[in-house]
Structures are given as structure tokens and as C-alpha cells.
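The structure appears right after this line, and notes come after that.
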């Protein structure tokens, strides 16, 4: 076969639309955010409490039949400041940087919850710090993740 | 868990970019189209001739080391008129319909080649019909698939 | 060689156009819980899980990660299988091999899809499964791929559209008894012929729907006293990258099915498939495919499969019932579709098919279709 | 239980930022031909093929269909595996199970990726592997996921960035001998600390690259007289859907690795991993991961892995060479990356590693990482 003088590449820029069903438990959680509440699920078999709530317990695969409301505060277990540019798959355009997010354990939960932090200087954050959830103003909440604005350092931090 | 009154769905419309390397054999083929030629690969081990040309023989997994030029005509082995709307993954918008395409066996090839037909009335097409390849005007050809416009019914049809 | 393998339970969700009441893991969990209950097992009775969908339909690019809470797979050996339309039949084959190999006594196969999550753009998704340079420009998904096959079949046999239409007329009749079916409204031959043209010669009612749904099946080498459907033959034939290589002109379009059937029949000692099978659950994505593929399976002479539907042979009370469930033409959650065939056939063999039960089923034939005209065959029997 | 399984050959492409001279099937074919030659086999000596990539990076949604001409898989049993970062290690495990189960004597594992085809938007692709509602809004792919882990490790141990930086300094030194490596230019600790911040505390030079490349490895139960690396332990631990469940606060972030290692060590009879392994090929996507995971593997006490790099233990001429190939930090064709670790470790055990060879390797440890902090472990030995 002859030599390759001018390699060719073919461009394709698909644009697709997805519409994800939150389902019974996810709808409950998002509706809770609209009301300014953090809802979790609790397992009757092993007593595990998880947020966001879900059908199947991560500990025992039992059905998590009980919904419980958690206080909107917790402990920051880890965090990062994202500083590099990349395309956001939600929009197809670059996600605004820099931003901070972290893993928060709500008081009374067994797992952690990954979400934005208000603070943008990682030097001012520390593992173990108390944080509290801040919501949009009630009139602006629509039942989506963005109803929860971020966690901010709380008293005792 | 409480009843589901208002199920929620979350929308995501990612836009992604891909740029596919045609590689040695594909670049040869696309460059051939620019020159108004149909190039195939031939296997030294089993004598199979395939278009588009490729590295590995579909018959014996041998390396297809010989390039051969085929006459730009063949036999129509099957066809369809596409009449329903769908999003084209190349563009993210609806592909223009209706259009006809078919499977053409080039004279001297062992496989068939899937491509557009000029005719848009399937009643005027028949399996076994001779067809010939029609290219863009030489000055407009750039080394891409679209340099080959379509197959049209040939003499003897 | 290997352990003998039995199916001892299966579960399905209802298959619907949009299951907005459940997330993907919740949808999956419905089928898994039903299968565990049918098999009389607790989650800890499962040694490994194989799970599959076609992730581009949901745009979730680690679908086994997403699904794990629904399957009960956390911390267990867990394998994703995604082979296009054959995903469901590949799941069944993978589960079979894992059990037959002796390393996992009991394996759960789970197939699922939520085609509604991509807002009906199933064809766009399917096009992206094919070569981006040579075949995407022309291909209109499974619809046009199957239309090309139907064109060739029609040209070779002279079979008419009204003969093919009988396949979906009967499928809908069968689906009327099936609570899991997505489409169960009766249709007539004139309605099929008057439905919109999708891709000649295929019309809207010739083609399978797109559904949300899930299915789970339990394979084991230790059925104990439970009613079992034994796996007696397994074969898979995948072929080429380009459809142009597939269509190079064999006497049938999809010679992978003839090859896979010959292999599986040999394993099971089937010599006269038309007489020896008591029921068939065939992956028929369109009416025309059912005709050609019944011939590839040796159920009718070449060019003569339409008679199976015309003379009543394929009816649920006929001599060789084909798709008493209503088949793919009445429910098509893609990653589950092939596994639904296995679930339905195993229920027939286990005499557990309820309102769909065919009398006296001892041997059942199951097929899967997908990819670039790939074929998979599984044979189930009441004895090992 | 099962057949004893040996690796008798492996092949790789050079891993580069953009392989525009070959299409995907051609790239794959380079590695397959090299592996067949290394194993002394013709294509008909392969009984089944497992092939893997992460198809969303190329936007080709039946990547096994696309790859089949490169693997030689037409008409053969053929299985696609795609488990994210673990894809390559999962391929090795699947090939092992297929051979160990006794149904396929010789299986070829093929991993590949062309990250350049998505124009560098690897992070976007990785984000789409995670839950669309709860985790996509915040996640910045593997980079931020690993950054969170590094933050927790740093907080727990007090290890400093300059200590972590030594991992990539040494990796580049090793890669300078490796013709397949993508990055082999020497770097210094000050250069690492001055490189751009990606996601705190990770900087550009802490993180692996994105590469185009392929790798193939031959597993067999019938090595005959060929030099063989025997599989002595295999374990996989996949965990939860949500990263928030993973990070719930074990003493190490990624307890799947500790669990998988304990399982595999038990199979192989390893009691003192620091002394019993002669070489390690670890999947280290970033410098900090190498530190924490060396501890999870029992190669150093908790909080003290940095000493392995600081005191020369991990050097290629040290007491426990870690990634003499240069590792993931120097080449990362994602679907191949885990299989490259297996290829490199098997070459070490077979005394076929050429310029990378470590003296007297009898036992080698291999790891894979991916998904939602999933871990896979394989142990290779010169005796069965």
C-alpha cells in the first residue's frame, strides 16, 4: 500500500438531547429542595441513612422505605478547587472556572454528598470543618439541584 | 416512601466534537475520490478485493498490501428510500428526507459499498440494475466522501 | 464440557413508552426483585452479575456504574455487556459461560434500556454505532439497515407486503395476553399497509417500537428441586464492521443466523427444527426479518416462511408457536430485548408462562439480533 | 478451581498524543500483530477475543463492531469489555476467566483508545460516566475526583506536594528507556510544583496524559514450551454509583483496593507484599494516588509510602521497583492502560522486557483503577 502523504481526519459534532427521569426517590429529593429541605432514605433492615435518597440500600440491598429529613448542615470531609477548562456536558460550552466543591457528611447521614462550596480559596477550607446548606430564595426554587446553591462554612469552623 | 405525585426529569444536551482519523488506507481512498477514482485493497493471500480499502482482509485477516483501482460502476444489490425524520449525528439537525441509498457491488470487488442513489423513486429501481458513480466537478473535490455524489442508473439498466 | 446450566427464574418490568415514575436503577430493581422472587433466592444467592444496555441511548457512559444499585451488584463480580441489539442475548450467553466454566455457581443476567431518556432519537443513537466515515452518511439506523435486507428478500422471493404484515397482526394478538407488552392493540393488514412509510419497503407498523424496560434472568448450576429450563445449545456469530461487507450477496442477507443455528442445533442434537421445537422466541425487529430469519433457522424452506403465519402454524395454538409473548414487535427496551426472549422461552419450558403458556413445551428456540447483522442462538430444554 | 492460565505474549503500539497515520482498526492491528508474533501464534491460534475501550471517547457506539477488523475477530467468539479506567485490567480478568473456565484454550485481550479523536475533551467524556442529576454538575472528571482523594490523603497524613512530585520525576526517568511511552522527558520537583494547577492539590505534572494507543495480551492454558507468566491471583472490587458513597470516610479513600489486594494475596499466598513482590506495575493516574495506593497494597505503612520514592526503594534498580515502564503518568490510552500494566508485568516475569527488564523477577503485582474508585488486582508469577 502506498505511503501516507496527507493523513485525513473526518469531523463530526453530534448534538444529543437527554431527559433523565429522577424517579420516585429522586423526585422526592428535588421536590424537597424546592421546599428548602434535605430528604434522605433510611433502611429498615440495616438502619443506613443515605442522601440523596434511593430505592436500594448500598449496605444490604434492602428497600429503603422510610424518608427522613436531615438538618441542612454537616461536616466537610474533602474538597477541591477546579481550575482547568473543560466543556460541560450539560451545555456543550466551557464550565465557569474556578469553582470549589466538596464532600459533605450531613448530620445523621452515613454517606457523603458532593456539592459546590461558596468559598473559592482552598487555603481557607479545612477537612473536618462544619458547613451549612444555602438555598435559593424560596420564590426562585423550582425543584432542581440548583435550588441548593452551595455549602458555606458554618459556625464553629 | 411517599407517593410519587410529580415525577421530575432532568435535561442534558451535550455537544461533542469528534475528529476521526481515516488512517493510511482511508486517506488513500478519500484522496482517490478527490481524483475521481475508486480505490480498493487486494489481499495477496486470498485475492479478496474490498472497497473501501483497509488494512486487514475480512476473509483471512491477512494484510491487504496491494491497492487496485476499480471502474466507477457496478451492480445495485439492494436499496431503500428513507422517508422518516431523525437527527443526523453529523450535524445535530434533521437529515434531509427523503433520500435513497443502496448497496453497490463494484465490478471486480468482492464486497458491496453503501452509498446514495440519484433516483428518489424506489419503483424505478431494481435489484441487479447496473449503476455508475458520479463525482463532483473536479475543481470542487476536496478529498471527502461527499466528493462522490451518488450512483445513478447506467446503460443496460 | 463445563457444568450443566439451568435457568430457574426470570423477571420483567412492564415495557412502556416512558417510565417517568422510576429512575434507571429503580427500573432495573423492579426486574431484579421479580427474578429473585421467581427463583426463590435472596440477593446473597447471586455469585456474579452481568448487566447490559446500550449506553449511548441514555448518554450515561459507565452504565454498569449507574445500574449497580438496582442490580444489587455492589462488591460482587460484575460485568457489563453491550453488543447493540444482541445485548440481551449476549447477556444470557455470558451468564451461561460464567456458570458453565465452573467459577460462579449462580449468575444473574440483567438487561435494560430507557429509550425515552433520549427523547425518541433512537435512530441517531444507532447511527453512531456505525463507521463514521463510510456508513454514517447514508445509514438511517436499524430501520434502513433492515429495509435494505427486506428489499433483497422481496426481490429474491417475490413475497408481498401483505404477507409480511401478518407477522405483526399475529404479534399484537399474542401481546394482548401479555401484561409486560408495550403494544397490544389489535392491528389489521390494511392498517399495516396504510401506515406511514419509514424506509421502503418498511412501514411504521412493520417496525418494532422503542420502549423503557428491564429484564433479569437467573442462571445456575445448582437448581436443586426448582423447575428448570436447561441450556442445551449456545452459539454466537458476529461478523464485519461494514454493512457493505455483510451484504455481499449470500443467498440470505444475514448468514450469521444460519451459521449460529447450525452450531447450536449441533450441540443440542436438533436435526429437524420445524418438528423438534415446541416454541420459538425470535428477535424480529421488523415483519420482514421474521420471514427471512425463520428460513435461516430452518423452520421453513427458503422463500416460504410467510406460510407459517398465513396457515396458522406460528399462532400460539398452532403447530410451532412463534413469539407467543408478542415479540420485539410489541416491546423493545433494546438492551433487555434479547434477554426478554430468553425469559419468555425459559418460562415456557418451566411451565411458568401464565397466560402466555403454550401446552407441552419441552424444547424452545431463542434468537438475538443486532450489530452489523449479528446473530445469537440459545436452545432451552426441560431436560439437561 | 479451573485451568491454570499463562500469559505467553504481549504487544503494544507506541503511545502518542495523536496517531493520525492510522485509523482505529489499524492502530489496534499494530498491537494485535505484535502480540501474536510475541506469542508465536497465527490468528487461527486464538479461540476467543475480548476487546475494550471507552466508546464515548471516540463517539463510536459499538466499538467492538468498529474494532473487529483490527482484532481478527470476524466469526470468532468476541466480547467487548468497557469498565472505564479499569477497562484494561477488566480485559485481562475476563480473558483469564474465559481460559480458566476451560471453554477457550487461548484468548486474546485487546485494549485501545484514541483520545485525540475527541479533541482532548477527555474530561467531558468522563463526566458523562457519572450520575447526571447528582454528580455531573460538580464533577470535573478523573482530575477532580482524584483531587478530592488527594485532599483527604494530605489532610490525614501531612504528606507534602514535593514528596508526591517525586513519583512523576521517577516515572519520567523510567519512561526514558521505554519506546512505547508517550512522555519521557525528564522533569524536576520544582517543575512539578510550578506547573499549572488543575484541581487542588493536583497540578498539571501530577496528572497522567491522554494518549492514542493499543495493547494486546495472549492468555492460554496451553503454553507448551513458551516462556510464561502464570496468573496466580485475580480480584476485582467495584463499588457504588455515587462518589459520595465512596467517600464516606474509610481510613483510605479507595478501600476497594485494599479489599481486592487482600483477596488476590490470599489466592497467591502472599503474606508480606513489600518483600515478596519483585516488581509492581500500578495504575497510578496521579502522583498522590501512587502514594495512597501503595499503602492500600501493603507496600508501606499508612501515611509512609512517600519514603518508597524518597529512599530509592521504588526505583528500577531499587528493592521494589514500581512502574519501571514509566506507568500511567507517562502513557494513558485509557482502554489500554490497565492492560499495558499486565503486558509490562508479564514481560518482566517472562524476562522479555528488554531495556525495561528488572533483574530476577519471579513475582509481579498489577493493579487497575477506574469507575467510581474501582480496583482490580492481578498477580503474575514465573511458576504456576
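Worth pointing out:
All chains are identified by letter, namely A, B, C and D, in their written order; residue positions are counted from 1 within each chain.
Note that in this section a contact is a pair of C-beta atoms (placed from the backbone, for glycine too) under 8 Å apart; a residue touches a chain by one contact, two chains touch by 3 or more.
What you see is a predicted model, and the numbers here were worked out from it, not measured in a lab.
Taken together, subunit C and subunit D share the touching chains A, B. In summary, the chains found to touch both subunit B and subunit D are A, C.
Just to note, of A-C and B-C, the chains joined by more C-beta pairs in contact are B-C.
Centre-to-centre separation between subunit A and subunit C, using Cα means, comes to 37 Å. With centres defined as mean CA coordinates, subunit B is found 44 Å away from subunit A. Between subunit A and subunit D, the centres computed from C-alpha atoms are 29 Å apart. Of all residues in subunit A, those that touch two or more other chains are 4, 7, 9-10, 12, 14, 16-26, 30, 58, 87, 89-90, 145. Counting partners per residue, subunit D has 20-21, 25, 59, 69, 74, 121, 124-125, 128, 132-133, 136, 240 as the residues that reach two or more other chains. A complete topology is adopted by the chain contact network, contact being made between every pair of chains.
Those residues of subunit B that touch subunit D in the shared complex are 10, 12, 14, 16-26, 54-56, 58, 61. Put simply, subunit D touches subunit B in their complex at residues 19-27, 29, 43, 58-59, 69-70, 72, 74, 114, 116-119, 121, 124-125, 128, 132-133, 136.
Against subunit A, in their complex, subunit D makes its touches with residues 20-21, 59, 121, 123-124, 127-128, 132-141, 143-144, 147-149, 151-152, 155-156, 196-202, 240, 242-245, 247-249. Partner subunit A is touched in their complex by these residues of subunit B: 1-2, 4, 6-28, 30-31, 41, 53, 64-67, 87, 89-92, 143-145. Across the complex, subunit C is touched by residues 1-2, 25, 54-56, 59-62, 64-69, 73-75, 77-84, 90, 94, 97-98, 100-103, 125-126, 128-132, 236-241, 259, 371-372 of subunit D.
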